[in-house]
């Protein structure tokens, strides 16, 4: 195991649990006698040298906080060869021998490129979208799902009082996982996601079916990536004359104190990332896969696609009849 | 104190704590040996005779539930003389000698009209809007404010990570109270409400002021009644180049388990309403005013306007500098 | 209005919302152009000179945090004349012309003594116990009540599954207010508080009464000041053979993010305290009384006793039948 | 796939998510055209014939509720051969051809015995203790861990304000998993569990270590199975003069609305149990193992012991330095 200087950054959209991962990187590193540095504002801050040394206290009282103390940003400059060379040069200036990147697939692409230029980089999947292959769950997903489930619960109260339908638009551009898991856990009547074709007729049929057996609420979860919440509401009102309201949950889903699950996942992955760097590894993602902490080449990860769980989709349909 | 048959209904928009009020009406009535009836779907259900006798168990395990087990609806028919006469006739058929109406000012107007036609009616202020005079707080307001404050907390996490501004649109057509209280409690940088003129320039100045002293977040609370969240976001981005996101909280604010405050308020008002009816009173609202449970003539309530608290507005501005 | 240097400290048991009060003192003072100092560890820190100047940023991002950033301690030395003279001398050294003390009645006694020696001192009622006269509510009480209500909800789930009785011991040595309000809001079957005599026989009768009408849970709230939770459980099991479990909530009740209510109350009282000092006032408590922000002489406050609300006690008994 | 009549019961200690499992059994069964029956009060109710047919509506609006609508009880009679024969006979009377048992290892032992006598029985691991082998997690564990983590957060607020140590006793007679996971996620300074020897000296060393680097809180998580919280508090105070408080969380940990994770796990396992019975299988447990839904013979499950995660234990120690 090699003594080395390690830096950590967060990149892309923030996710609850990123702070727990930062804490784990810092404390594990310090435990092994390493020097740990924090990079502010993702790759942008790496290019600009917004880098500071971290102590045990730098990460005190952050495990329960949403967001990321290192902030995050998208960097156009880093997508260019020149930008990445500046970043590499800045890593040398600060004596950074290993880099931990916490983010999603876009961030991993940058991390792989940096690896290809000689840097030692390990990625940690931190995104609420759960769209990374070879991960049971990404950091932040469990918290986001619970946030949506709580919102469904609140809306169910009021929608039952008025006997209305309610469309809730949930985050997820390409991945319907937040919608799918929250819809199942929240007992939503319909779940509309990019992965599965759906028709307004089917939604209407499920609403009427529920009404006919005395249900007071009809909740439709709609992934952001499908879109058209207001149009769908109008279509439902026209077809079956059921008053239909729309809620756009928006960035509420990104924040909040991380769940225990996300804190533990983030802690384990952060520690593992440091150990991999100390073993001399690079261009890999650490992930919890089949309930074990493992590592996978960025090449493999970036060439694959997270599989959609049709079992859970079918189950959600069966259980909300 | 007169033995009598009392019915209870909820009307207008639902609010957390309405169930606690229904429970208090039912159990207090039964305690005094009265017959208590529940009316479904507000005045509409009264006209249609959707009326059932309540026992102690009808209201078991509802004190903590959002929404209203009696459901609520708006009734066009009840706004007509004929509709109200049908309602009165139905009250006679069911032997209803006193009626408790839980709702907002629109519901009280209907209740006063019914009183004018000879019915004994007492109103309980149940609305998240806090727009009823002679009430410190309406039932549901405290819960709604806490829901918004929690959402502000979540958004602050993510907005700090990205150094963005965030506009949160909050319920309140005519009243800015939810915005005002939640904005103060959530530490929002700007609060824009129907009661006070505001300019985009002032909002921008406050954002820049905060940035200049190192603040990572700028949260703007915007009451629904003012509107124009997306336009304001665009204006901010144009004027000061700060990325600005919009969240529309929507009906999430109406639901959720009521806070202790709302449950206690609702319990006290429900019990008081029954006692007033037993004393032979009518056409009155019960309210917690200056921290005491009191009653006020509907005429007085409906002729007044809830005063806006400019002290709290100024305080919120001072404390978020 | 006088320009002056103001210090703020927290004393006695901590309460959620104390940070919001500190923030309000600091920001209001700075808004008026005053110099504001924070004193660590209550009177002990005042004696020892643990005093630092506060800026706008000293109180950034604390409005939502439980506990007190200034910490609190009990000081034996301050109860002596010598101790208080040291404190006074330290105030002169640091140029402190006005002092804000956030705490309970013990802290106010110290504050009055200090006033008597020439210091300008204003008190803010910060204690979860709600045992201060001339206050509708003390800072922290609303949060503590909601914490207990949430715990009651959780215990109700499990106690219903097993058809058991459950005794929950709640904070409050001399005051039963947390028990009373949480018991009413949580729908507890019995509430046992220092202010009212209660017998095990009455508790047993209410349990049997509930069982006979099909209730699955019996929750007994017991104020710490009454004590004897385990003995009572044994007595219930002996008398009516109902399995009875005990939960001691303990310090969980002191923590947690303050509710909107506590944050707003604390903000208003903090601002008012600064204004009173600027007006040259001393030896007074600020409080929300009859829903208005007012001030009262320490002498009057300390000579009075918070009145017990027998109305709420009776109501809780009626509603849990 | 065989058409059949299936009954479901919950047994042993209740756990959040049991209702979601009951709902999944009922709705999956009805979806496949089966007759589904609910058994009240576990094996006791099976013996006594407390059995009723379930419809889609029997399980409406329960997915989010803690506890179990079927109630649970421990049955002495069922531990005898005679008791089990009565149960078997009652199953025949009601035409029950398959039985789903939701509970822990004690319940599975009974289920295996019943299988041995000819009944078709499938078990679902429902217990907050996470002490069942061949399960990544048992139903209820995730919720219980989050409940403890929230309590740790609250206690951290107040313990920081007073610079105290705090011992929190957490459920778990034989298994330290709740303590371990909650301790890691809550950032506890020490975690004392049945699986690992610990000394008061080590706890004291960690407290002093934290203090010396400026930490304001020291939280010690102690599993119920180790016991001796009050003795440990006394020992700490004697050895290092740090004021130490004790909290016994108790049955609060069993209740509460289940997390999304527990609801999804319970839903998937409930559906799988029905499918296994339809395939003619018996004497098996369904579990999520290595993140997949699988089944295992009761014999294998009951002959094994859940492995303790020494990786997580070590990690918790490293991260709380």
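The chains carry the letters A, B, C and D, assigned in the order they are written, with residues numbered from 1 in each.
Simple rule for what comes next: a contact is a pair of C-beta atoms (placed from the backbone, for glycine too) under 8 Å apart; a residue touches a chain by one contact, two chains touch by 3 or more.
None of the values given here were measured: they were computed from a predicted structure.
*Asks:* Strictly by the touch rule at the top, which chains does subunit A share as contacts with subunit D?
*Replies:* Under the touch definition, subunit A and subunit D have no mutual neighbours whatsoever.
*Asks:* Hop across touching chains from subunit A and tell me the fewest hops that reach subunit C.
*Replies:* 2
*Asks:* Interface check for copies subunit A and subunit B. Shared numbers divided by all numbers used: above half gives same, below half gives different; which is it?
*Replies:* same
*Asks:* Once subunit B is fitted to subunit C on CA atoms, what angle does the rotation have, in steps of 5 degrees?
*Replies:* 180
*Asks:* Determine the centre-to-centre distance between subunit B and subunit C, using the mean Cα coordinates as centres, and give it in whole Å.
*Replies:* About 28 Å separates the centre of subunit B from that of subunit C.
*Asks:* What is the distance, in whole Å, between the centres of subunit C and subunit D, each centre taken as the mean of its C-alpha atoms?
*Replies:* Distance between chain centres: 35 Å.
*Asks:* Quick one: subunit B and subunit D, Cα centre-to-centre, how many Å?
*Replies:* Chain centres of subunit B and subunit D, defined by C-alpha means, are spaced 40 Å apart.
*Asks:* Please set out, as single numbers or ranges, the residues of subunit A touching at least two other chains.
*Replies:* Each of 153 in subunit A touches at least two other chains.
*Asks:* Examine which chains touch each other and state the graph shape they make (line, ring, star, complete, other).
*Replies:* Shape of the chain contacts: a ring, since each chain touches exactly two and the loop closes.
*Asks:* All pairs of touching chains?
*Replies:* Contacting pairs: A-B, A-D, B-C, C-D.
*Asks:* Could you pull out which subunit D residues touch subunit C in their complex?
*Replies:* That would be residues 10, 14, 16, 18, 65-68, 71-73, 147, 151, 153-163, 166, 216, 245-256 of subunit D.
*Asks:* Which of the residues in subunit C end up touching subunit B in this complex?
*Replies:* Touching subunit B: residues 23-24, 27-28, 30-31, 56-57, 60-61, 63-64, 136, 142, 145-146, 149, 153, 181-182, 184-187, 213-215, 257, 259-261, 263-264, 267-268, 271, 289-293, 311-312, 315, 318-319, 321 of subunit C.
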